[in-house]
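The structures come next, written out as structure tokens.
Paired with subunit B in one complex and with subunit C in the other, subunit A is shared by the two complexes that follow.
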Partner chain A sequence: MYGPKWSSLSALFTLVSSLSSVNARSATGDRVLVVLEPKVVKEDYSKFWSSLEKRGFELTFKGPKDESAVLQRYGEALYDHLIMFTPSVKSYANGLSPKEVISAQFAGLNTLYLLSSNISEINRDTFREYDLEFAERDYTYLDAFSHSPGSSLAAPLLYPQSSLIKSGAVLSASTLTGGPIVFPGSTSFTLGQNPFLVEVAHGSKTGYVGENRLVDADEAEVEAGLGKRDAASTTGKKAGLVAAMQTRDNVRIGFVASGSMFSDEWWGTEVELSSPKNVAVPSGNAAFAEDLTKWIFQETGVVKVISTTHHRKGELEQRESYRIKDDLTFSISLAEHVTLPDGTSSWQGFETPDLQLEFTMLDPHIRTSLSVDPARSDSKQTTYSKTFKAPDRHGVFKFVVEYWRSGYSYISTSDTASVVPFRHDEYPRFILGAWPFYSSAISMSAAFLLFCGLWVAVGEGDRKGKKKAE
Partner chain B sequence: MSKSSTAASSSGPSVGSSNSSSSVSSNTSAQFQNSISTLVANYSSSTPPRLKLIDSFLLFCLLSGGLQMAYRILVTSYPYNSFLGGFGSTVGQFVLLAGLRSQVAPGRDAEFKEVSKERAFADFCAASIILHLFAVNFLG
Partner chain C sequence: MWASKLFTILAAASLVLGSKTPALGIKQGKIAITSPDGLHDATYPLEPPTSLSQPIVLSEGSTLKLTFNSVDKASGNAVFPQQAHLLFEDSKGGEDVTLPVSVKSNGRASWTFNTAKPISALTHTHGPLHLTLLLSALDSHTPLHYPIGELQLPSSILKAPLRRRHDLPPRQGEPAFQPQQELFHTFNQGEKSVGFIKSALGTGVVLSPWGVLLGLYSQISPKLDYKTPPSSAYLFLVSLAALEALIFVYWVGLRLYQLLPMFILLALVSAYTGKVALKALRSQSAR
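This part shows the complex of A and B:
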């Protein structure tokens, strides 16, 4: 009787679970807007798009001047992530203007900027907002020593060991030790003072940024005479190639100086090395692109606070106020976002040796390390706790945990509790050592009463005596 | 008790003069002992009993205060408020008693003519009660 109903329900259930297994790899969402400039041929990057779709993202392609492209409507984000492959675009549709993009980033839009050596002025101005200064137009990252024998200087090979920077959770270990990355037609940038920017890849020792053209001896002489010098603007490791940025709100933004490194030409193909001749190794482009997009689209390095508690040692209940010199226990549970092998998204415990707690009133009065509490940790969360003595200061204190490590979500929590002195009736009474003082005061009162009684008695006797004498 | 007090008021000066004349021949320590015993005898014979009562209370206050100070220095002053309560009641009681004594002692009329002895005692009682209330509050 219930057979058909049950079967339809289970079918629905499997449908929902299969949908979720496809959809929910990112911790924040799966709607991606891809903005491609006309020069970029979408089909040249089909392997990149399909790798994103395989990871559960829904891609929407728009042109930079497409007026139907809107990032937010009525304060609601229409996309969770954005890929901007529009380096040379001189003007944008209203919905994609740099102002709109930045305001959407403030609201949580993760963005990947794919660039080339031809960057328009409007884009330069936008990137200055992030404190990135790009090389001049048509200046390309070149490497005369490290590129495939068949290709030009402008398609240099970056070796992970020397050019990739291990910055937290951005790149996986296999990418950091994997094959060389082809980095064709790339511009380069220098990072400013912005502390939220992290360099992910920089040029190799033999690389430089300059104009990619061959000048014969006569031309060179003429240009030297005109005072024009074909010098490299940036050399070596100073040439930034890939940068990652995470804002205070954990919105992630990536800058890749060569968008064409994601093209099908180098995606999962082999590259010929220059120094051992005729040796071909798998390129690291696909692995690098997947690591970077996983990080930017909030799949890796996402840590969240599950709960924080504080209580007196020996108690379990959280209080609003504690007494000075109380032993306090603070615990925090953290979880890290992971993608299970079957493609579903999940949370697991996040272990780190350097988590700190600050007990703060204006300044940290106590700063102490938090250690893992194995009894309260499980596969879904890691609980850290610490017991410490409240300072002998009363006021409004905060339990602050701030964990800022590049590549991981910024953890910043604060719980407020007052620390109060003893109330007048909370002090210990009838202290053994004070009995001499107690007995003195009591005996003094008793002696006073006795004195009064004697005084009256003696005085009466006196009066009688006087009377007698009279 | 009443007899001795009436006797003391009349015979005090004569006893002192006879003692001073008899101590010429003895050595200094004997002289000292002699003068002490004269002082004691003089005191016991010439002081009114109410003053003796006050003096004994004063002595008790001194002893109690001294002991507390010794305890505070040698052992502990940990509940400091208790020390203040105990020691303060001793000192305060001593001061009030001294005031009472100066108001009721013989020969006070030059200074305290307007204040009757009863009035002085009533003042003392009121002040002492307040003092003891404060002291107990301080004990904690």
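This part shows the complex of A and C:
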């Protein structure tokens, strides 16, 4: 009697639960807009799109001149992430113009720019906003010493040990020690001094940026005169290939100089190494693409502050004002976003050895390191605390914790508390050096009592006066 | 049938033999060091793949000139390379520097380094540099990676390394991306306090008039006429003493609002007992 009912119910349950577990693992959302230029064939990247969809993202594909593409409507973002694969597009629709994209980034849109060696002027100008200067048109990253024997040097191999940089949580340990990455048809860029830029991959020391055609001596001289071949900035490790920027609001924007590295041709296939010969290893393209998109789309490296407290040592209550030379205890709890094995978002503790606290009034008066407090940390958060003495200065201070590191979300919190000087009755009460004064006052009282006593006890004893009275 | 088989075998063989790409090489490569005083002049011939056995040490004022002909190794014909770079690797972990070598159309290449007017990119290195010559010509020739040897620049031309992106101190308006130096607050020294000896001496000085008083009193005491005061006088004295005691207790630990009620009460009591006592005393002295 219950057999069929139970089986249909359990089937319904598993269906519902499987639907709900396909939630995005990103900390900010799962709607992705993918803009592909006409030259890019969507089916060439089918494995990349399916890997994103498997991770729970909802992909919408549009062209660069599609008037229906809108990033924000009435102040609300329609997409959480953007993939722009439009390196050679010369003009965009209004909704996708660089100005719109930048204002959407200010509102929280994480972006991944996939590029090639043919970058249009409008894109080149846009990328200067991010302090990136791209190589000339049709100049690709070439490496004659590090490419598969079967393919040309325009599809060089990047070895993780020499070309990938460990910047916080951007790349996982397995990618950093994994197979070589094929980087075909890429451009190259130089990064400026902007501290919010994160270098992810650069050329190997034998690579250079040049044209993939034989150039004779005269042409080379002309180009050198025009400043197109600037070896100092476009060779070896100075040739940037993958970089990212994390803005102050923790919006992440990635730049991959070779969009073709995500294509099916290199996804999960084997590549032959340049040396030793005849050795084929799995390529690292798929792992690199997954790591980079996980970071850009706010899945890895996302850190947040759970709570901050401050109180006098020995008390539990948080006060608005403390006294100078008070022992103050400050604690902060941090958590890092993590994807559980079943595919849901969760938070875990975030341990770091160099978190610093500043007790600031205009300038930091005290800067000290915060250490982990194991008693108040659990699997969901890590609590750091520190006890210190409030300075001699009185005024309005702030407990400032700032943690700016490449590859992790920036942390910047401040709690205000005032520090007041000693009240008139908080000074030491009885002082050793004041005994002369204490003794003089006490002896005044004693003398008065003695005088009264004597006056009462001693008679006038003057017979003359008595006689007068009589 | 065997003819077609032989033909295919021959064709395959010629393909394999013919498809062997030529290799790039250098001919007449040498490094010449010249100096104004002529003391450290030297010429080192370069024969790839053998590196130089001794490191090249440049002294102040000397000039290094590298010259070679870029050729096809097999035939010896001049080849114009697409990439002719000198890679300077800093052995002490600094940044690598890659500099181009100017090559003419006939394959002749030269690179000069004058320590009197040094190339700025090299002045920010430190330590001995591993020098490597990289020559490549796209897919038409196999490239040449020739580690020439070690080069030591004179320390007088070396400058401090350039600032990296996240070095401290941070630039104006930018946050620090590294842990910064810890700051400690130096507290004011406590006020200087008076010691026990000075305090004891002071107390002695303050209490010395009591000695004088007691001495004088003992002298006039026999001449005084003591009489027993009436009992109300004792009560008066006790209330006065209580008043003094209250003042002392207030000084030690009471607050004004706690003092005043008791003080007023005791003052009234003292006034009343004083009035009674003084009346009694007057009547006693009038008798």
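Operating definition for what follows: the second predicted complex is superposed on the first by the 384 of 470 C-alpha atoms of A that agree within 3 Å, B and C clash if a C-alpha of one lies under 4 Å from a C-alpha of the other, contacts with A are read in each partner's own complex, and residues count from 1 in each chain.
The working rule: a contact is a pair of C-beta atoms (placed from the backbone, for glycine too) under 8 Å apart; a residue touches a chain by one contact, two chains touch by 3 or more.
On a predicted model such as this, the values are computed, not experimentally measured, just so you know.
Colleague: After superposition on the shared chain, which partner residues are touched by A:Gly56: those of subunit B (first), subunit C (second), both, or neither?
Modeller: neither
Colleague: I'd like to know which partner A:Ile431 touches here: subunit B for first, subunit C for second, both or neither.
Modeller: Touch partners of A:Ile431: subunit B and subunit C.
Colleague: For the overlaid complexes, name the partner, subunit B or subunit C, with more touching residues on subunit A.
Modeller: Touching more residues of subunit A than the other partner does is C.
Colleague: Please indicate which partner A:Phe448 is in contact with in the superposed arrangement: first for subunit B, second for subunit C, both, or neither.
Modeller: In the superposed model, A:Phe448 contacts both subunit B and subunit C.
Colleague: A:Leu197 contacts which: subunit B (first), subunit C (second), both, neither?
Modeller: The second partner, subunit C, only.
Colleague: Can A:Asp354 be said to touch subunit B (first), subunit C (second), both, or neither?
Modeller: A:Asp354 contacts subunit C only, not subunit B.
Colleague: Touching A:Pro364, do we find subunit B (first), subunit C (second), both, or neither?
Modeller: In the superposition, A:Pro364 touches subunit C alone.
Colleague: Examine A:Leu214 and indicate which partner it touches, taking first as subunit B and second as subunit C; both and neither are also allowed.
Modeller: second
Colleague: Residues on subunit A in contact with subunit B in one complex and with subunit C in the other?
Modeller: Residues common to the subunit A contacts of subunit C and of subunit B are 431, 433-434, 436-437, 439-440, 443, 445, 447-448, 452, 458-459, 461, 469, listed in rising order.
Colleague: Can you tell me which positions in subunit A touch subunit C when the two form their complex?
Modeller: Listed in rising order, the residues are 142, 144-145, 152-153, 191, 193-195, 197, 205-206, 208, 210, 212-218, 220, 224, 229, 231-232, 235-238, 325, 354, 356, 358, 364-369, 389, 391-392, 402, 404-406, 410, 431-437, 439-440, 442-443, 445, 447-449, 452-453, 456-461, 469.
Colleague: In the complex, go through subunit C and note every residue touching subunit A.
Modeller: 80, 82-83, 85, 87, 89, 95-100, 103-105, 121, 134, 136-140, 143, 145, 163, 165-166, 170-171, 174-177, 179-185, 187-188, 193-196, 198-200, 202-203, 205-207, 210, 213, 224-229, 233, 236-237, 240-241, 244, 247-248, 277, 281, 285-286
Colleague: Which part of subunit B faces subunit A closely enough to touch in the complex?
Modeller: Those in contact with subunit A are residues 1-3, 5-6, 48-50, 53-54, 57, 60-61, 64, 67-68, 71, 75-76, 78-79, 82-83, 85-87, 89-90, 93, 121, 125, 128, 132, 135-136, 139-140.
Colleague: Touching subunit B in the complex: which residues of subunit A?
Modeller: The contact residues of subunit A facing subunit B are 427, 429, 431, 433-434, 436-441, 443-445, 447-448, 451-452, 454-455, 458-459, 461-462, 464-465, 468-469.
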